[in-house]
Structures are given as C-alpha cells and as structure tokens.
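Each of the two complexes below includes subunit A, the first together with subunit B, the second together with subunit C.
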Partner chain A sequence: MSATTAVFKREFRGYFGTPLAYVFLVAFLATAAFMPFSQSFFEIRDASLRLFFASLPSLFAFFAPAVAMRMWAEERRTGTIELLLTLPVTIKQAVLGKFLAGWAFFGIALLLTSSMVFTVSYLGDPDLGPIFTGYVGAFLLAGAYLAIGAFFSALTKNQVIAFVLGAAACALFVWVGSPAVTKFVEGSESGAISRFVSNFLGSMSFLTHYDPMQQGMLALGHVVAILGTTVGFLCATVLLLTETKSR
Partner chain B sequence: MIKVDQLRKNFGSIVAVDGISFEVKPGEVLGFLGPNGAGKSTTMKILTCFLAPDSGRAEVAGCDIEKDPVGVRQRVGYVPEHAPLYDDMTVHGFLSFVGDVRGMGGSNLRDAIDRVVSSCAIEKVVHRRIETLSKGFKRRVGLAQAFLHDPSTLILDEPTDGLDPNQKFEVRELIKKMGKQKVIVISTHILEEVDAVCSRAIIIAKGRVLADGTPAELTQRGGGKLEAYFRKITTAAEQQESAA
Partner chain C sequence: MTGSHRSLVATALVLVITLCSTFLVTQCAGDVARFDLTANNLFTLSDGTKQIIDGLQKPLTMQLYYSKSLVDRSGQDRLRELNNYYVYVRDLLRSYERYGKGKLKLEEYDPRGFSEAEQEADRLGVNRFPGGEDEGLYFGMAVTSEAGAKQVVKVFDAMRQSQVEYQVSEAIELATARKKTKVGVLSSLDVTGGNMTPMMRQMMQMQGQRVPEPWGNFEALQQSSYEVTDVKADAETIDAEFDYLVVVHPKNLADKTLFAIDQFVMRGGKLIAFVDPAALVADPAPSNPQNPYGGSDHDSSSNLDKLFAAWGARVQPGKFAGDLDLAQLQPTRRGGRQPMIGLLALGGADGAGVGDAVPIAKGVDSKIVVCFAGTVERTDAAVDGVELTPILTTTAAGNAFTADRFELTGMGGPDAEKLLAKFQPGVAPVTIAARLHGKLKSAFPEGLAKSDVEDGEKPKDGEQPKEGETPKPDDADSKTNLKECAEPNTVLVFADVDMLADSFSFQRFGPGLLYPASGNPAVFRNAIDYLAGSPALMSIRSRGNFDRRFGKVDQIEREADKATREQVSRINADKERFQQELQSLQSQANEQNVGLLRNDLKQKSDELQKQIREKERELFKVQREKSEAIESLGSRLRWLNVLGVPLVVLLVGAALWFVNVQKRLATKGGAA
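So, the complex of A and B:
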C-alpha cells in the first residue's frame, strides 16, 4: 500500500470513528433537502433539481470548511504532525491523502442526496442530463472548497479559526462574481478597465463555472478552472506546511 | 550508524544547534544529555528529517538527511518528545496504520504487530482506544510504533519523561533489550538513566557538545558524581553565554 493510500484510509475511517460523520451527514442532508422547498420548489411547477443545485455553493461554503478544519489544525495542536511527517511519507502524499479522504466523504454526502432525484422523478419527468452534470459540478465544487479549507487548516492550530477563515474565503469565491459586485465595479465608471476588472472578478467566481453545469453543460474550461483552483490551494497547503510544520 | 557533522540550526535570532558533531556505532546506546533548551530535541528532529538544518551534514542509517529524507525515515524508528499518538484510534488500528505507511502488509504486518505488542507488553490494551490509556501504556504504544519495522536505528526523545518509577524501569529494560545490535540515541535530562541504559553519553548545552565519553568516564571527571560534572559544565556554558 502506498503512503498516500494509507493516509487516505486512516483519515476516511477517522470521519466515521467519531460522531462527526453522522452529525455532519444529518445536518447536511436535512439542510440540503430543505433549501429547495423553502424557496419555490412547488410554485415553479418544474420537475428539476435546479433549486437544489443553486443552493449548494452557499451550503458548501459552510459545510466544506467544517470537514476540512480538522485536517491539519488537529495534527498541529496534538503534535501528531511530527509523528506523521517522520514516517516515510512526504508532505505532498499526506496533503493528498487527507484531501482525497475528505473529498470521498463529501462524495458520500452527495450520493445520499439522491433521494432528491427520486422525489422529482416521482413528481414528474425530469431531464436527467442536467441532474448528472449538476452532480459532477457539485462534486468538483466540493473539492475546491475542501482544498481551501485544508489550506486554512494548515495555517493555524486552532480549528475554530481554521473554520471561520475557510468559510470566509469560500464565501468570497462565491460572492466575487455575483451581480452585486460586478455591477458595482462596472457602474462606477464605464470603460475598458472596469469591464476587464468585472470580467476578471467574474472568472474568479465559482458561480461562473458552476452555473453552466447546473444547466446541463459540461465545458472543459469550467472544469479546468475549478480543478485548477483545487490543485492551486493544495500546492499552497504543501508549501505552507513545508515552511511552518514545526511551529 | 549515525554520522553528524557540524549541524547548525537557528530559529530567528535564537541559536538552537550550534555546530554539533558526533558518531554512533551499531551496538551503542548514546545518551543525549543536557538541560532543557540545550538543543537535544532540535537535533533529533533534524536527524529524523522533520526539520532541515541551516548548515552541516548528517548521515543516518546510510542515508543523507537532505538528499534522501524518505530513506532515513524508512530505516529509523522515532519517538518524538511527549510521544504524540492519534488518540481516536485503537492501538491495533494505529499500529496497522503505521505499518501501512511503511509499506508493510499481510502476514508481514500481522507478525510485526504481534511481535511489538508482546515485546512492549501492551496485549491487554490492543483493542482499546488510545485516548483511554494511562500514560505508561501510551508511552509503550509510542515505542511499539517505533519498533514495528524492526529498524536498525532508534531515536527516542525523552522516552521516560513523565512516567512513574516502575514505568521508567520497564521502558529502560525494553530499550536495553533492543540495544544489542541497534544504533540507539536517547535524549534525557535524567542523569540516573545514563548509567541504567547508555554505553556512551554526550552532554550538550546552548547547542554545543561539551563532553563525550562513557558514563564511567564522565562520572570520574565529576569526582565520582555525574551530576556534579553535568552541573559544572552546563552552568559554565550558560554563564559564558550571558557574559558574551
């Protein structure tokens, strides 16, 4: 077994070894299932999961850092980081193993929302294409948020700080492309520069890349953008730990 | 075999390790003595490739610490200071994890776990969660983890710290049993430990080696008392530091 697999296995089991996994799953599934109905699920008379997928980015901004906050902050607080990183495992392997375990755990949480698919299938005749691409997008988005959460977890010994900073950063990646921000930039002065800034902010936002997937389009560019952010934050985590692991 | 040549490590303006050199041969149990803050733990962290030195070289079990850090870690068993463990795992789950990371598997890993569980006398707690164990058992689990792959080199940072006299005795017996063919470095500030387990001792303070010899030699230099010699040279080093 490779070192990455060993770390993955330990971390993945770790979620279920404590009540964390069950508390998380119940809270997440209840909220995720409630969101569409709290909006106008019945009024729009459309058998789709559009409202469900639309609510996920803000929901993930809260739940992903909650899963990720433990990853490194806990290792630092208890000193086990020294045990882990003096075993024959590189920082890269450890970061990847922990991240993949969190991502797989999130994958399970998403799989368990499939009851929503049965609900809309019972109520009408949904188009399964956008549901499939929506799930792909949601899974990719969860990965990016977890990578951001992992980075902030590596920044501090304190899980609460890791959570708050992670959630704030995730929210920023959602809001930065929202009309409230882009309109504000464009509105202050019209011109090439403000349009460029507004487009740039829009492309930074996860919503720009996630929205087409909810609608059934799976474009390579958007997938690469989200995966790129994920890889970027994982690399930043590796660098951060290399510099500060002993502090 | 451990060869250390002029290691240096600073933390900001604090000099933690200031040009330490020594060698340890197979069959030797080297006691690493010094007051708190002398640089013992930092040196051990460098030797296990947790920290990188600012300058100097070291070779542990035939691998250069900077060129082949994973090679060093494969060959070394290490118990960090305070012996941190994953509290939410069972003893068996934890040892299996360490074996997995070390690339052991199947019957090889099962045999290794059986071996360390019996040599560290932790049969009674194998299926208990680590957080429920007493300090003595936790420390023995820490040692079991380090012995699991039967390493040629053991680096133990204050392995008896915080244990009661009976537990200290058991841990020392365990180390002596292991010490026959291995290279062992054990740090401590408990001087009686040196006589009990070490075949050689180095006294360090302020990141520098002040003395190197067999426990008998060092005791002789202190006029029959190791403690007297330890106090004389380490306080002198501290006074020199504050004078400079």
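So, the complex of A and C:
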C-alpha cells in the first residue's frame, strides 16, 4: 500500500468518523435539490437537469472550501502537521492523499444526488447524455474547487480565514469571465490589450468550461483546463507546505 | 531572499503558469477531441452537412461577425450566455472548416464602431441590434465565394441553437446554387404579406400605414433567399418558371384557376396543397360585436376537390381527424381542461402519427401541431397508377368525426366537451397529409370551356349555366391542354391550413426574429426540399430539440380527465337543465301575472339558482381534484428530494455512529 493510499484511507475514514460529514452531506443534498425546485423545476415540465447543474457551481463555491478548510489549517493549528511530516510520507503524497479523499467525498455527495436523475426519469424521458456529462463536469469542478480550498487551507492556520479566502477565490473563478468583471477590468477602453485581457479572463472562468459539459459536450480542452487548474493549485499547496516543513 | 520568500515566489509562479496554460489550452484545444453525448448529436456535423461540403466545387469563405468586445464591455451578466453561444457557433464553424480541408475558410470579425468590419457587416446585411452609443451588436455570418456569390445568416438567435447547423449548411448550399429557387404562392389569404420587400414595408410603416405581415413560414422562406412570388387567386396561368407552387387555403377557386394549377402539374410542376375543412385559426370569422353568433355564417373551408378527384383522392368537407391519444388539453367553456379532439400534436420523440415511407415529417424532433385537420382519403373510384402515401396520420386509435360549423365557430370557439362526446375511437390511422405520386391525369381532360376562360367565375351552387355557356369539348381551349403528366409527378396534400399559421408555427421576437414553436416549420420546409430532392438539408433541419416534457404529468392529467369526464358531463347537463328551467320560468312572468306568480316564481327561481350554484360547486370540486393530483405529485417529489434523501443519509449516519459506539464499548469492556 503506497503512502498516498494510506493518507487517502485515513482522511476518508476521518470524514465519516465525525458527524460533520453527515451534516455536510445533508446540507449539500437538501440545498442541491431545493435550488431547482425553487426555480420552478416541476412547473416548467422540462425533463432535464438543466436547473440542477446550473446551480452546482455556486453551491460548490461554498461547500468545497467548507470541506477543504480543515485539510491543512487544522493540522497546522493543532501541530499534527509536524507529526505527519515526520512519517515516511512525502508532502506530495500527503497533499494528493488528502485531496483525493476530499474529492471522493464529493463524489459520494454527487452520487447521492442521483435521486434527481430518478425523479426526472420518472417524470419524463430525459436525454441521459447531458446528464452524464453534467455529472462529469460537476465532479471535475468539485475537484478544482477543492484544490483551491486546500491551497488556502495550507496558507493559514485559521480555518475561518481559510474558508473565507477559499470561497472568495472559488467565486472569482466562477464569475471572472462574466461581462460585469471584464467591464470592471477594461473600463470603457477597448483595444487589442483589453480584448486579450477579456479573453484571458474568459478562459479562467470555470463556467466557460463547465457550460458545454452541462449541455452534453465533453471536449478535451475544457477537461484539461479544469484539471490543469486543479493540478496547479495542488502543486502550489505542495510548495507552501514544503516551506512550512523547512522552517 | 529567504527560504520563505523563495517558496512564496515559486508558489506564485506555479499559479501564473497554471493560469497561462489554461488560457493556451482553451485557445488552442477548445474544439479538439470533442465527444458529443447528446441524443441527437447537437454538437456534431451531420451527414447532410458533410454531403453538402463534399459537393463543393469551389472554395467558400465564412465570415463570422460577433461583437465580442461590446458584449464584454456591456457589464451585463445575462450576456455571458451570448458569449457561450458564440463559442458554440464558432466551434461549429471551425468543424466545418476542418472537414472542408481547404474548401471552406473561416474568418472571424469583431465589428467595432466605425470599423471596416462594421461597414462590411452592414454591407452584407448582417442584422445590427442596438448596442452601445456608437456601436451595434452583430452576431451573424456571410458565406461568400470568389465569384461574388453571397449568402447571409442575418442573426444567430440564441433560442434557435438546434437550427444553427441548418442555417449554416443552407447558406453554403445556396451560395453555390446557380439560380434562386422560385416558389409561387397562391392563396385566398394574404400569407406573403403582399410580397413586399423589407424596404417597402419600412416606407409604409414610416408613412403610418398598416403593413400586412407575412406568415412566418413564408417570411422564413424569403429570408432563406427563395424567390417567393404571389400568384393571384384568380390567375389564369401559372408561370412555368416556378420550381414549386404552394397553394394555401384555396376557397372557391374558379375553374380557370383550377385548370391553371392542373396544367402546371401536368407539365411536371411541383405542387404542395394546404386545404382545410375548417381553417379556424388561419381564416377566422370577422368579429362582430353586434352579432356574436354570426361566426357560424363564415365559411372557413377550402378545397381543390376537382383536382384531387382526378388524382384519386379527396378531402371531405365537415370531416375531421380526431385522436384521444394525441389531443391537446385545452381550457373548456365551463372551466377546467379537457382534450380538444381536433387539436393534435404528432411526432416528437415517440414519432406518433408520422409516416415512414415519405421522410417529410419523419425525424422532425419537435411536435407537429394540427388544428381540426381534415382527412385525405382515396376516392371510391381509385385512379390507376397513382399511389397515396401517408405523411401525417392519427394513431390507430384515431378516427374521423364530423362537426358542423356552429359546433366549431360558435361563441367561444370549438366546444371541447361536445366534440369529445361525439368522438368514437377507431381501429386504423386516419390520414391527415399524404403524397400522391404517379402518372397524374388532368381534371380537365377536355380542356377548359371557353365560357369559363372568359367569365372567370365559377357558377354558384344551384345556379344553372346560362344558355350557350355549357362547356363542350369542341368549345374547349386546347392550346395548353395536357391530359396527363408525361412522367410520374408528385403532389403533396395537407388537409390542414392552420398548421402553417404563426399561432402553430412560430414565436416572434421582433422583426425578422422567428423562433419555431413546433415542428410545423420543419415539415413545411422539408416538403419543399423533398420535392427538390435535397435530402441533405432535410436531414439537418429535422434535427433539433426533442420535446422532452414530463410525460407522467400529462398522463395523470389525461387519466384524471378520463375518470371525471362522465361526472363533468353529468354535472354540466344538470346545470344546463336547471338554467333552461329558470329561463322558461322567468319568461312566464309577464306584467299581467307577475303579481300572481310572484311568490311561487320567486320560490322556484331561488330553488333553481341554489341547485345551479350547487352544481357549480360540484364541478369546481371535481376540477380541483384533477389539479390536486398533479400538485400532490410535485409536492411529493419535492419533499422526497429536498428532505427524504438527506433524511436517509442522516439515518444511515446515525446507525453507523451507533454501531461504532457499540463496537468501542465492546472493545473497552473486553479490555477491562
């Protein structure tokens, strides 16, 4: 058994060893189901999970930092990080193990929302392709948010600060490509540079990559963009923790 | 630099590299290795498109105009969806370019205020929408060839995402067409809006004049660069230059016009006929507040019976196609909703009522709606060598029913309950639209009597022809008289005119912005492409959004309706009886006996009114029960998802916690 797997198992069990995981799951499932119903899911009578998937990025922006905030901040506050780093586990393995455990936890949370799939299949004849790609997109998105949350958790000892910073960063990654943000960045000027800036910001936005998946399209570029951000933030987390270890 | 600083700089560097890589990946690999998992392959080039691109002889340029910088600077979040839609269109066009391997080149422009791109977009005719102070919002494309041919997609409408591929492929095909397709439209209604150019329309509007609106189906035809020409309803000849003749709602056409149509078909011309035993929506009775029941005097039927008879078919007056399984629920005169037996939704995901042999309606994803359509039948004297192949039918449970004018056009429109009571389910499908194919024979084998050519008027019913006007063979105009088609020809007959009307075809979102509200526009254009032999375009157009409604809810509504139909009819009958009794009672009271009868009448009147109110309450209760069934389903599903699933998770969590605690206690006990 590799060290990553050992960390993964320890963390994953840790989630379910406390009531916190269940509280989180209950809150997530209730909100994820409530959002589409509050937006007239039943009254519109459209056999798709469009409203459900559209609400997930905003939900993840809140729930992913909530899960990730204790990943490293708690270890740093209680000092168990020193203990962990003395074990025969590299920082990379520890970061990956903890991240994968959190991601698997989100996978379970998403799996439990399948009652919505049964509901919509009972009511009509939905196109299962976009539902499948929607779930793939949502899972990737959860991973990216979790990596961002983990990074901010490694940055501070305070869980609350880690949560606030993580949630703000996640929200930024959702809305960064929206016209409201590009307008703020560009002002009223327009030119080659501002066009580049708005294109750049657009490519940063998770919605740019997630929206086609909601509609039933899986494109390598979009998958790589989300996974790339995830890997980037995990690498940054490793670098931050390396500095902690060296101190 | 300390180790801490070095680490922070390295972290920042990693993040910057990550973000830059994301940007590069999005720009370079945004549209490669794509997997389209939608049921109807919305994101993949269809075989029809590939066929069109394969057939290109000369290279074409696709110029895409989208005001991205204007949208980005607008600050409106709702426009983010427009950006996403632009990316979808751009990626699709890149797929065209890739597949074309040099035959198609894509150029992208962001038209800014006072730029060359803006001028070019205006010159090409791409729609300009109000944007900023000095800028317009553009989102359209032009297909141009080196020879100077051009076709324009004026706007990519975000609500018509499923139509984008068709719009682009059609523009490509038309840009390579040698000449414009000419369509003649003969109708007793103004379906082409007077055949006016947009410029004429604008000038009339500026002068404050009422501008006749074309029907969406014909406006869309004009937008697609077909040359649409009006043919007068009393025309004596049909121009042989027309590739197609579309006849819509021909009411009492004179023999000379029927003869002209007949000869157009005999010459090999393609005819699509839309007739109707009652075009309730397309040809409504003129409103008259003085005479609200006057609508029943209005004849909204049309036919080409003389021609159809010669071709072995008929559409009988007063006979309609009905089907309980396909009927749409409509509000009734007495409140609540009931199936309107003549208002049918065919096709869609389940393909109900769509003929397989003629691929005009087959594969059209959205529902095809017909309103009190007639039935296309073979005549008793079938014509040899002429086949009648269904395009649209009812299901096997459908049947024909008869209804008189008053039942359909009385005050408040058709009476759903009465019509439903008349309907008897059948055992075989009833044909609503059909293809007639074969060596069609002329309805005027002896030619047209000269008197008809001169008078141009059809003798009215019961009117005897005047002396000397009796058509005789030797009196016939034999100049153009063809007795049958030289080659087998095809005529398409639709026994419904309303299906073409805007109410059942389009939603309008401003001038030129038409959004198909059903599969009807696709059927209309497929009919034209079928006759033109353009299966490539047909296959692309038919793709679209499946109508994926909550079938369960519709089913509950139908079952509830079935269960309560008898009850509702009984209550309504009782109510009507009481009302009639009350009216007759009131009519007995005249000035002479009013004093005598006052007490007695009042008592009876009160009694009847009480009974009527009681029946109204009963009716309301029955209708309430019907809607409650649906509301309670919605409520159950909402609570099941919002509370039920989390509760199960909570219970499982509690059970696991309890098991863990027990284990721990057991371990402690063991250790002790």
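Just so it is clear, the second predicted complex is superposed on the first by the 237 of 247 C-alpha atoms of A that agree within 3 Å, B and C clash if a C-alpha of one lies under 4 Å from a C-alpha of the other, contacts with A are read in each partner's own complex, and residues count from 1 in each chain.
One rule holds in what follows: a contact is a pair of C-beta atoms (placed from the backbone, for glycine too) under 8 Å apart; a residue touches a chain by one contact, two chains touch by 3 or more.
Note that this is a predicted model, so its numbers are computed, not measured.
Once subunit A is used to superpose the two complexes, subunit B occupies space next to subunit C without a clash. Angle at subunit A (Cα centre) between the Cα centres of subunit B and subunit C in the superposed arrangement: 170°, in steps of 10. In the overlay built on the shared chain, the residue A:Gly14 is in contact with subunit B alone; subunit C does not reach it. In the superposed pair of complexes, A:Thr86 makes contact with subunit B only, with no contact to subunit C.
Looking at the shared chain after the overlay, A:Ala3 reaches subunit B, while subunit C stays out of its contact range. Once the two complexes are laid over each other on the shared chain, residue contacts for A:Met116 go to subunit C alone; subunit B is not touched.
In the superposition on chain A, A:Thr78 contacts subunit B only, with no contact to subunit C. For subunit A, the partner touching the most residues, choosing from subunit B and subunit C, is C. No C-alpha atom of subunit B lies closer than 5 Å to one of subunit C in the superposed arrangement.
Taken together, the two complexes place residues 17, 246 of subunit A in contact with subunit B and also with subunit C. Of all residues in subunit B, those touching subunit A in their complex are 45, 48-51, 70, 73-74, 76, 78, 80-82, 84-89, 93, 97-98, 100-103, 105, 145. Residues of subunit A that touch subunit B in their complex: 1-3, 5-7, 9-10, 13-14, 17-18, 78-80, 82-83, 85-90, 245-246. Contact residues of subunit A toward subunit C in the complex are 16-17, 19, 21-22, 25-27, 29-30, 33-34, 37, 42-43, 45-48, 112-113, 115-116, 119, 122-130, 132-133, 177-180, 182-184, 186, 188, 190, 194-195, 198-200, 202-204, 207-209, 211-212, 215-222, 224-225, 228-229, 231-233, 235-236, 239-240, 242-243, 246-247. The touching residues of subunit C, when paired with subunit A in their complex, are 3-4, 6-8, 10-11, 14-15, 17-19, 21-23, 25-40, 42-43, 68-69, 71-77, 79-80, 83-84, 87-88, 110, 112, 349, 546, 548-553, 634, 637-638, 640-647, 649-650, 653-654, 656-657, 660.
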